[in-house]
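Both of the next two complexes hold chain A, though its partner changes from chain B to chain C.
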Partner chain A sequence: MRRGTRKPYRNKPYQIPTSAESYQSFFTVEENKQYLSDAFYQTDDLKFREVVLKDVKCIICYLDPLTSEDKLQKTIIKPLLERNELNIEKIVTSKEIRISTNLHEAVSGLTKGFAVFLVDGTQHLYILEAFAGESRAVTEPVNEQVVRGSHEGFVENIMQNLQMLRRRIENPNLVVKFFKAGKATDTKIAIAYIQNLVNPDLVAEVERRINAIEADSIQTPGYVEEFIEDEPFSPFPQMLSTERPDRLTAHITEGRIGVFMEGSPSTLIMPVTFFAFYQSPEDYNSRWYIGTVLRLIRITSFIFALALPSVYIATVSFHSEILPAELILNIKSSLENVPFPPLIEALIMQITLELLREAAIRLPNPIAQTIGIVGGLVIGTAIVEANLVSNMMIIIVALTAISSFAVPSYEMSMSIRLLGFPLMLLSATFGFIGLVFGLSMILIHLCGLETFGTPYFSPLAPFRFSELKDSIIRVPRWLLGKRPIDVHAQEQRQEWFSRRWKRNEDE
Partner chain B sequence: MNLKIAHYILVICCTLTLTSCWDQELLKNSKIVYGAGFDYESNNMIRTTFVVRNLGVPVSQGGVYSNRVVSVVGPSSRETRLQMDRLISKQLSASKNQLLLLGEEVAKQNIDHMLDILFRDPKSPLDARIAVVEGRALDIFNLDHIGDTLIVEFTTDLIKGAENKTEATKMTVEKAFRYSLDEGQDYALPYISYNEEASSPEFNGLALFHETTYTGTTLPPSDAKLLLLMNNESSNKTSIVEFLDNDPNNEFLTNTVTINVRNDSVEKDYSIKNNLLEKVTINLELRGNIEEYPQNNLKEKSQLTDIADDLSKRLTVRANEILNKLQEANCDFLGIGRDLNAYHHKAWNAKRWEKEYKEIKLEAKVKVDIDETGIIK
Partner chain C sequence: MKTNNTIHSTQLFFIIFQTQVGVGVLSLPTSLYSGAGADGWITLILTGAIIQGVIYILYLLSNRFPSSTLYEFAPKIVGKYIAFVLSLLYIAFAISTAVIVLELFETTVKTWVLFRTPMLAILLLLTLTGTYLAVGKLKVMGRFYQIVSILIVPLVIMAAYTLKDADLRYILPIGENGFGTILKATQKGIVSMLGFEVILFVYPYVQDKGKAALKSASLANLAVTSLYAFLTFTTYVFFSPKQLEMIPEPIVYMLKGVSFIIVDRVDLLFLSIWIISVMTSYASYLYIGGIGIQYLTKRKKTTGPIIIVAIVSLILSTFTHDRYTIETLSSYHANASYFFALGIPILLWIISVITKKKEGAA
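What follows is the complex of A and B.
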């Protein structure tokens, strides 16, 4: 039986009650208050404040941590007490007012930071916005720093993130759609795209996949990613995760879709190609040939990080004759007293390095530096002097690590380094033949991979020569007249002869 | 279902790990042969000498490289190689051989006898330099080191230096194989001799080969240079020193001029009658700068032309002597046979060429032009 045709699961008691059936409210405030209190199982942070307006007993009910004291006082309590009237809709200055007779709606409103105003003698419930929208200050994302360019980064508050996006794209065509996911958490997920530019099939597909999510909780965008990606067993990340508004903006204006999530500064971009992981917003801030050189260096770093240790292992264990005569003596003399075969040597070093990285990443900065020194310098020197690992291997592993950190995307950097391990095993058992087979398998996988209907390895497979100019190199912006084809945007052109002033000048 | 998957995984793992032989050759466990030499011993036996590089202490920890020279006698090079394995610890790897020296006596035999082992193994070094030694190769290798340089590096650099100065052709193992099978083209290997005075090996010209054997004739370095120029093989640094007529009026010890060849062009004219090659004229044109001429100022253009004409005459005489030597040795270094095969195919007969080459008329004409005189006149 296919998963999509299954009936939705019945909600468990601990999950958020579905508001499908309504629950008529009572006529007395006391009954309503009792119901709300029971609905929250007498939680202590549900607060009730009694107000008497024109001798009618009213109760303001709210979840204390979620509501802003300021808003509650200024927009609800103060106007009501000053005017002393029951014409709630006209007096309250909250930016959103809903009137309902459904207590379920009141309950779900309370969990989202609304205050519920109960009036004695009427079934009407006034659900008033009083949400506390504090978030941390906007800072530059630590893992995606640039030298030149915007230093703004997304925060944990989804509204503020959307604000940053809206500020960058002041266009009524920018559409934001909200979704709720997580039966126990009811997490807000938003997708953003430009209507009339984005491929409608793509939007429909993303919506379909997000709507299919049935889980207790969505903690991080990583959950969403794993629920909606095409190939969950592929080693390559298939959605670009970024904390940079400028990066997201650039992708959305190329016709892609961004996914936001409440509580996480990371946003997801889809569909992306392999080369998107090797682009940085900085490329467009520096002169175009500098950007080109930087991109080429990153592509080199991909090859190094993937294959350098394996090439070395294959060379010293099978094909030492390919080394130049002068070099072979250097390498051989450093290997001479090492008791392990090259594979074990490489594994020792790689695992030490991964341990150091994992240990240093979560420590406060001063201690992380100490670990770096102890690990990098002390272990590095001592391990060579103890003849456990050769000098050459240290150089190779260090170069591999540096290359993998040169990738602008953290996930990609990790997946490439991990892919290096099976390649090392292959080249230690079969030499270059094994290495070539391993690389071919990776290449075949890359060519076959599709994300949201887009070939992942485009523009290399399928090969599109004209698109190489914004993937492998970066030509000046005015030469990039067209958007990438693989996004299937509704409009191909994105630039119309911006340098025509030059032509006019000559006449 | 799960059992089936487990079976598949087992089969895949077995085929990956159990099939084929593991031909791992750890660099760590190999002994690198850096130079090899062959000499003729009595009773049709050959003596093979290997220079093996020792690496006791890593260089990073203050160790130095040293050589171990091992020499054995046997009927073939493979047999001596096997004997060598019994004398040398670890696995012998000749894939990084830099230099192959052939003793004079052994070179006069068919050299394929020694080199066959190299041509069959795909791992053998095709870019190793190959040279002929006056006397025995073993004696050169036994010198161990010249100054601070180990003997193999020293001799290899000696040959490479000669190649840079257009005194030797770049002869590698691969090229020797190619030329030795070519009917219309012969070759020459660098000739190394031991200089008593400097107590070091010395590059001493070219040893002329015919097909697979050394003809016994050598050309001194200065003649080798002219021969290579006639073969259009000049490198960027070619200097020719020539004696001019001694002028009794100047007080210099000798009367010489040195020119540095900037540009050279060679044309071969074939005169063929009745499908028989009668005469080959080699027109060599050299354009050069004066590198050394202490005798006189060169203010006048006519002075330059005089020197150029004088040089042309002398070089023509020398070139013709060289061609005579080539013919006597039956060494078709200039590849006349191959040209004939390609451009005048009717006049070409592979069987006849063996004798025909000695009898054709070879004539050289050298013309020298002088462009510059350096920064002084």
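What follows is the complex of A and C.
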């Protein structure tokens, strides 16, 4: 499990006790009860309920918040009391029954929502499933809405998420593997992939990296992402995070791996390329021309969001002669009364915008709208009238912001906006020369970046002409006969002449 | 879990192409003009033909040792000690080429775009970016060179746009200076076409060796020759012979005069694209120097050696930078490059053929 010859870390007292060594249970209920109570340090939500079956004292022990009252009554207490027998295995109708003589196992079962049934005079502990699996209702993810297509979104319950996936891929080859990570939280992580399609090396690599995680807690998929990604210092997200089951399904059927985490509706997809962040499931719901145009618009939005302010800064502060006279007169006249150099102007506007965005994101909707109006209209107009920022700069920054919001993935949009700042600095210092070098740096980085053995900027670098048809543009589905080559799926073909009916039509 | 550090033969094409296209392109028309007059563009085509022959020999040499670079196979051909000296010379050559690229870049940028920016800042920009590119190893260079090569298209379109003001009479009569002069001027052409020798250092990393690699190298040479001949031709039909004698960088001058719809100074766009070509050539030479040092010092990684080469060339390039010194340096470098790109490889090939030295059959 662990690489190298490093000694395993010993668990600290506050971490989850390793159940490697077992602790033999006692013969009397009272002793067992005492042990369990001590194991939980007399926590108040650990409940004990005594039942007497055939004059034998029994105790049902459970963690109140984790267990479902309904299940506890219907599947355990009611049958037992009605039949009044000690033949527990036969009577209890729980989904899962484990019998153990190890008190450690009972403790870890209790933390997972099991009830432990103790019977006086025997060492056997019955560990019975009574888990309360409530989760919120399935809703459409707020940050990945579509006009047409599925409006289903993942929820915080991993089992329900897996159910949504299984419903979409009704295939015995769909394999789910569970991992436990987090020494203090013991969080459930699951990976899902299609056996016989996915590259086995990829699965092994993902498993190896997840198993290497040694941390107290795993709160969000972001933790997992940072622990297992290839280049932690890259500004680009290297795993696609989505809350949409249809998006995950599409990627899994292309031979990729999805990672679920208990307690989070976002799932991670790997390996992905840069262009996966610019695709939306919606592309396949509209006519393919429209899908293509939408994708091209998004690629343009990438360039705008990245470089538009820098190009403007470089032009007005270094190379205003590049523009024709009429245009430059317009720009210069709007700049005339502004006391700041273009870089400062741009920074003021960009920072104001980021502030507005950050402020609005956490506010309830009606207030957020107010902020939008105050920020967009009031500040926008006032800042120009106060001659702090020029009209042109407002246009540029607004265009940049709109472009960055056109990216279907939130992380990518943030990364690009952040990358814009060093570019602005470079073009304010060196003009076009600086801008070209800055963009080259980003491009070199993109060319060199690899995630899970897949070149990140494929199919542009390395250049694969045939794969442009599902990355830059979108051709009709029946022309996408093959899966992307970089995933290294075991089977390349994914479509077999679905329009062959057309050939027979003339007869 | 990384992909292999190999390149496809298509990427070999772009590596050779981008290494060849570099700083020289701006001053090429003038230097050819001083040699062969208005027939300079014919000279270029001849140069391309000569280089094609050299490329074939380089290919034959590399193909005798398909899994080693020049640094690795030289000892097998001429013995340990001579090979050591040769490797040192090649490293020195790579560093001096990098220095020349840096200096020419700096003077051009200073002349055309950034008049008052400190020299070191401009040099640092190129050094940092070039080093970052070169340490990414060959696969990253291959991918990057391939993707930026698309920028050559707008470059050609810009130059082609000036043809509307062309006057064909400037280059007539064709061949007025006689074949001898044209042939003699090829030595001026070869200097700016240098870079094809990179094949000696990247060949072991090519996936499909043999005919496909030769085809890539030849096509790269053809592409460079056509591009240069075209650019030279456009300047020759744009400027009168009198003007050409006076203008040091005619392509930029030419583009300064034209304007597209909303772009009044096309030369700035041209120079911005040209920078990338300079960067790629520079990175290639850093790489050549770097793997040499890596081989001689028996290191595992190329990162350290490449950074050393970059720092050394940066320091050297800060010493001299008036136009005269650069020109003298360039001419020394040009003479030296005949040995490194033509003489030594051909000699090595002849020796290896005579002594029947090949990989495996040592």
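Following the convention adopted for this analysis, the second predicted complex is superposed on the first by the 501 of 507 C-alpha atoms of A that agree within 3 Å, B and C clash if a C-alpha of one lies under 4 Å from a C-alpha of the other, contacts with A are read in each partner's own complex, and residues count from 1 in each chain.
We adopt the following convention: a contact is a pair of C-beta atoms (placed from the backbone, for glycine too) under 8 Å apart; a residue touches a chain by one contact, two chains touch by 3 or more.
The structure displayed is predicted, hence computed values, not measured ones.
When chain B and chain C are set side by side, the one touching more residues of chain A is C.
Of the two partner chains placed around the shared chain by superposition, neither chain B nor chain C is touched by A:Gly380. Of the two partner chains placed by the overlay, only chain B lies in contact with A:Leu335; chain C stays clear of it. Looking at the shared chain after the overlay, A:Leu443 reaches chain C, while chain B stays out of its contact range. Within the superposed three-chain model, A:Pro455 lies in touch with chain C and out of touch with chain B [touch as defined at top]. Touch criterion met: A:Asp201 reaches chain C, while chain B stays clear of it.
Of the two partner chains, chain B is the only one that A:Val316 touches; chain C does not reach it. Put simply, chain A uses residues 318, 321, 323, 325, 429, 431 to touch chain B in one complex and chain C in the other. The touching residues of chain A, counted against chain C in their complex, run 201-202, 205, 230, 318-319, 321-325, 327, 429-437, 440-441, 443-445, 447-448, 450, 452-455, 457, 460-463.
Residues 315-318, 320-321, 323, 325, 328-338, 341-342, 384, 391, 429, 431 of chain A are the ones that touch chain B when the two sit in their complex. Every residue of chain B that touches chain A in the complex is listed here, in rising order: 16-17, 22-28, 30, 32, 34, 53, 55-56, 58-60, 63, 65, 93, 95-96, 98, 123, 125.
Within the complex formed with chain A, the chain C residues making contact are 1-3, 8, 10-11, 109, 113-114, 117, 121-122, 125-126, 128-129, 132-133, 136, 139-140, 142-144, 146-148, 259, 262-265, 268-269, 271-272, 275-276, 279.
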